[in-house]
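Structures are listed in the sections that come next.
What follows is chain A paired twice: with chain B in the first complex and chain C in the second.
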Partner chain A sequence: MEQARPTAALKRMRLPEQFAWMPFVLPGVTVAVLLTVYPTYSVVSASLFGDTAKGNGFVGLDNFAALFRQPRMELYLWNTFLWVVITSTGALVLGVVGAFALEVRGIGLRGLLRSLLVLPWIVPHVAAAIVWKWFYSSEFGMLNHVLRSIGIIKAPLNWLSDPVLALGATAVLQIWGTFPFVMLMVSAGLQSIDGSVLDAARVDGAGWFSEAVHIILPALRNVMFIIMLILVVWALNSLIAIWILTQGGPAGATSTMPIYIYSAFRDFNLSAASAASCLLLAVSLVFAGIYVLRVTKEA
Partner chain B sequence: MKRQLIFAAAALLCATSTRAETIAWWLPNWDEKPARAIVADYESANPGEKVEIVITTWDTMAQKILVGLQQSHNAPDVITELESRTLRYVRKSLLTDLTDVVTKLGKDDFVPSALATGEYEGRYYSVPFRHDGAGLYYNKDLFTAAGLDPEHPPQTWAELVEYCKKLTVTKDGKTTQYGIGWPLGNVNNGVERYLPLLFDRGGKLFNQDQTRFTLETPEAIGALDALADLFKTGVAPTSSLEVDNTALRELFLNRRIAMYYSGPFDVQPVLEAGIKLGTGVLPGVNGMGVTTVDGFSLIVPAHSFKKKAAEQFVAFVGQPKNQARLTATFPASFTALKYEQFNSPYLHPFVVQLGRAENMPNHPKWNELERILFENIQSAVLGKKTPAQAMTDANAQMNGSL
Partner chain C sequence: MARKSNARTLTTIIAYVILIGLLFFALAPVALMIGTAFKPNVEIFQVPPRWLPRAPTLSNFHTVMFNSGIPRYALNSVIIATLMTFTALVLGTMAGYGFSRFKFRGHRALSLFMLLGQLIPLIALIVPFFQIFDAVGLLDTKIGIALAHLTTALPLVTWMSASYFSTIPVELDEAAIIDGCTRMQALRKVVLPVALPGIISIALFAFLMSWNEFVLASVLTNTDNSKTLPIGLSEFATMFTVDWGSTMAAAFLMTVPVVAVFLLFQKQFVSGLSAGAVKG
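And now, the complex of A and B:
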């Protein structure tokens, strides 16, 4: 009788079968919700409040309207658009080329090469940006020295202080840091292609270019679509490369929305920073939504 | 037995927690070493009083301090903060009135421009301990090589331009040495170097009550034109747009530039690098130019629970001898300024320069507004806009943001 009572009590405590997953999933979900839902709520809430005559009151959409009245908002938005296009496309192209290069037959030390190519993704972003800043320096930088030595340029270029070059130069850093992710994803995608299809194509006389265009790239279409979405969201949120290299200069040439948000936050203009963050969140959510729909559809 | 042990532990805890009054002092990392020595002296002289040091850094201190001041619980008790930010906190009623402390230390002993940074409606809300401006740094060896007198730095702006032309060395189409450099890669540093040119020409940033900017004036345009001209004529490097004050000093140490403006804190590092250094006052249109001044003060948050202890500590640190220990440049006390350590031949021009000084702006939205000014300065220097267009745009954009 003494032994039967604890067993019955335990049975009463046990969750019904359909809720057995809860103890395993809930802790992680709770943390994720606390780390995303609450901060998002705070930002959205802050975007709806601002300085009024009576203090920090509800202002509705005034902060958003003020955002678009900013004299340089057009510049920030245009630079953000350019930044997203250049860095996403650049990382995608370089990553695909890298993945293809690693699959070339006869290539030695493939594992070592792959590890070296992944290094930019592993190196801490701030440390990498500081090194690149010196690399680009028009006074002491190795890049100008090398280019002049091999005769590509005659005079040092002002990579970070020339408004024409600065955005591209900072984009190179972002591409350098993100292409390994693309390369790994594409490499994984390449492994899933049925080898017999490629063999059949070769038997039919298809060269490497035809294989790539007619077989491999179409097979990787879904993977590359998802990679592109991720790259776009990363680009929309990237701050470190630009902040360390140029702080948004020269003369606003590299000022993007994340730079505006960070600057507003540093100025303790939380209303403006929150409104701009909500705007960026809305754009990112569109891409994230497409990604989720696509992944769900594939599942 | 168990209850007795618990009671004993609780009694011990209460006893230890009430024995010493501990105040928290937030200060920047470069002050840590002298601060710890001052704290040790204070604690020896005041048994029962403890000071806990919390380190801040330049990049994060503004935000950290503003958040700390607004906390009703867990606010620090004493904070080292930039003089030019003090009045923003006073306007939001975030600081304790320290008029009694200033009176006790002797109001007349403080440099007036330093004390003014914490004055509001006749009361004082900060105790300054560091106050300095800029001066001219030049390389005497490069002067000699260019045929210039190494003991005669430029005294006027026209002389500066003339010297720059002689000091700029170009060989095989490549300029290996420039006359002067500017920290136009950093917002704060860049604007800090433009404002003296504006003030020297009689220009003003805003109107009397700081409700409108007044940069669309011949003085403001003339100041920017003078700066942009140095780049146009090739005597200042375009790489100036990549550097802040620290990186600019590196250009000087590497003999890429022969002159630059900086505060007295650069004297020691430059001497240690083996440069034959000369210092001078800033060259203005008609003689000595104007410097902007700024520095650091001690403030006590309005939410501090230990105001009495905090004020006592601030009064200790505010003494001339302790100001002299804590400051990385010059103290804000006339008594301390007479100490030998502040009167070396290298530092003397900086002291003289304080005779023509203007405080950095303390407008509540200055951080946001100076970025607009900075971008337009960069545009003019790069030749993207004329100085007149740059100042017109800056004025319109800054007034639009108010």
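And now, the complex of A and C:
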């Protein structure tokens, strides 16, 4: 008995098969276009308009020129760069170290340890930022107390109001919230390495170092690259950590581009906010674009 | 042989030292939040500070529940997140099914676009969102915030469900179609029930995304009518004199359901994460 081929039944359906995907895919895609493409178009065009002699009108690139004439713009751009580099590197290092430590043979309670280490990533960002603000408090804060009682510092530090410390202090919060993500992804990557390859290498007398260099690192290269891109995009657009802790202060020491955009928006300076948004959007989309192409390459 | 087992012991010790250090880093703020939430006011500003309260009290929770806007904001958050999750699931699973079952012109372009949507920088879109929502009268409404939260949740649901559906054999749909189902019925009656465990974790992802979202909600809300929990909490903590006990109690209340959900669905969360967000 020969079974009817499924395609025969498919052909009997009302819509020709070549259009059959449309009722499934198009509603979602249309909503997504309205929510992303239209606002993007709108912010780009808003950045080209502003106050002219005849009221609101087309001003070309004047808003961008004005943006770079801001006395502190250089500092804000530098802060953004520094913040992205520090938080991404920090989260990557801690996450990788944590994932490797969890995979060492003979570690007990691995599941419990992993669940506990993932907690910072789970805590809602606003709640986390508020807790860290209290943790950093110079007078009553637990951090100063702990560091003094183990002799690392002598006098309490003003973590959030000292211009030298503040940017690092906000970066630590971002690292705290994102390193568990790296740890989970690297763990998954490590577990997908073929055990028999490692065994074969050991039989051939490979030490842990050559094992790491020749087998583990190449296997993780792709996932690490992808993680790095995600961390950079998150860091570039992160507002809450800095906004709750310092609101960009003291004296702009922790002001990054997202803080600048948010403050400009709150001051109803929509032209400046739009121009800065376009800048941030362009830079973010470069990293996000590489991520998208990289992730879908194998699929 | 002895040298080898020594090396192994050393590795284990180093691993434990690293893990204990990380554990302290990860949990110290959480412990401080819990400890402070249960402290009476007199203990909160004691120097030196202690991790645990001497005389634990529920008075901070009482303040949060009966003398603050937090319960109202929590209710708003639940309504908004539920509405948003439901919409994202309907549109996103349909699109995900389409991407996983059909080959068509533009497949790659559209799926890349949806993936890109997950990483769209919301902070760079606050100006247009404010202007558009103002123009159409959606400012400070629950529907407005739910719609805004679809921006990242819809692409997320689409991608996660597409990768989940692609693990389900196509023969299942084909059998249903031969039995007289339309494509849409095949999805609804046959594929979705099979995919239910995955769909639940995807729904939780979307819900939590809305529950935690700060940037858009802070720009699009301004009264009790639509303010969400993250906004209420941030106002609590940026007042001129912060009531740290109540603030920590509120943060604790916001965190507990999230952690509970995570612990219950940890396995699906982690596999969903590696399937949907990062493949390879």
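Some observations on this one:
Criterion: the second predicted complex is superposed on the first by the 278 of 299 C-alpha atoms of A that agree within 3 Å, B and C clash if a C-alpha of one lies under 4 Å from a C-alpha of the other, contacts with A are read in each partner's own complex, and residues count from 1 in each chain.
Assume contacts are C-beta pairs under 8 Å (C-beta built on N, C-alpha and C of every residue); 3 or more make two chains touch, one makes a residue touch a chain.
Computed from a predicted structure; not experimentally measured.
Look at A:V223: by the touch rule set out above, it reaches chain C but stays clear of chain B. In the superposition on chain A, A:P23 makes contact with chain C only, while chain B stays out of contact range.
Once the two complexes are overlaid on the shared chain, A:L117 sits against chain C while remaining clear of chain B.
Residue contacts after overlaying the shared chain place A:N237 against chain C, while chain B stays out of touching range. When the two complexes are overlaid on their common chain A, residue A:F268 makes contact with chain B while staying clear of chain C. In the superposition on chain A, contact is made by A:S138 with chain B only, not with chain C. Contacts of A:G249 after superposition on the shared chain: chain B is touched, whereas chain C is not. Of the two partner chains placed around the shared chain by superposition, neither chain B nor chain C is touched by A:V85.
Taking chain A as the reference, the larger set of touched residues comes from C, when chain B and chain C are compared.
In the superposed model, A:I153 makes contact with neither chain B nor chain C. Comparing the two interfaces of chain A, the one with chain B and the one with chain C have residues 133, 139-140, 247, 265 in common.
Residue ranges on chain A touching chain B, taken from their complex, read 69-72, 133, 137-140, 154-156, 158, 160-163, 246-247, 249-252, 255, 263-269. Residues 8, 11-12, 14-16, 18-19, 22-23, 25-30, 32-33, 36, 44-49, 51, 91-92, 94-95, 97-99, 101-102, 104, 107-108, 110-117, 119-132, 147-148, 150-151, 154-155, 158, 171, 174, 177-178, 182-184, 187, 211-212, 214-215, 219, 230, 233-234, 236-238, 244, 247-248, 251-252, 254-255, 258-259, 262-263, 266, 270, 273-274, 277-280 of chain C touch chain A in their complex. Across the complex, chain B meets chain A through its residues 62-63, 66, 173-174, 185-187, 237-242, 251, 254, 256, 365, 367-368, 371-372, 374-376, 378-379, 382, 384, 396-397, 400-401.
Residues of chain A touching chain C in their complex: 4, 6, 9-10, 13, 18, 20-21, 23-25, 27-29, 31-33, 35-36, 38-40, 42-43, 46, 94, 97-98, 100-102, 104-107, 113, 115-120, 122-128, 130-135, 139-142, 145-146, 149, 176, 180-181, 184-185, 188, 208, 222-223, 226-227, 230, 233, 236-237, 239-240, 244, 247, 258, 261-262, 265, 270, 273-274, 277-278, 280-281, 284-285, 288-289, 291-293, 295-296, 298-299.
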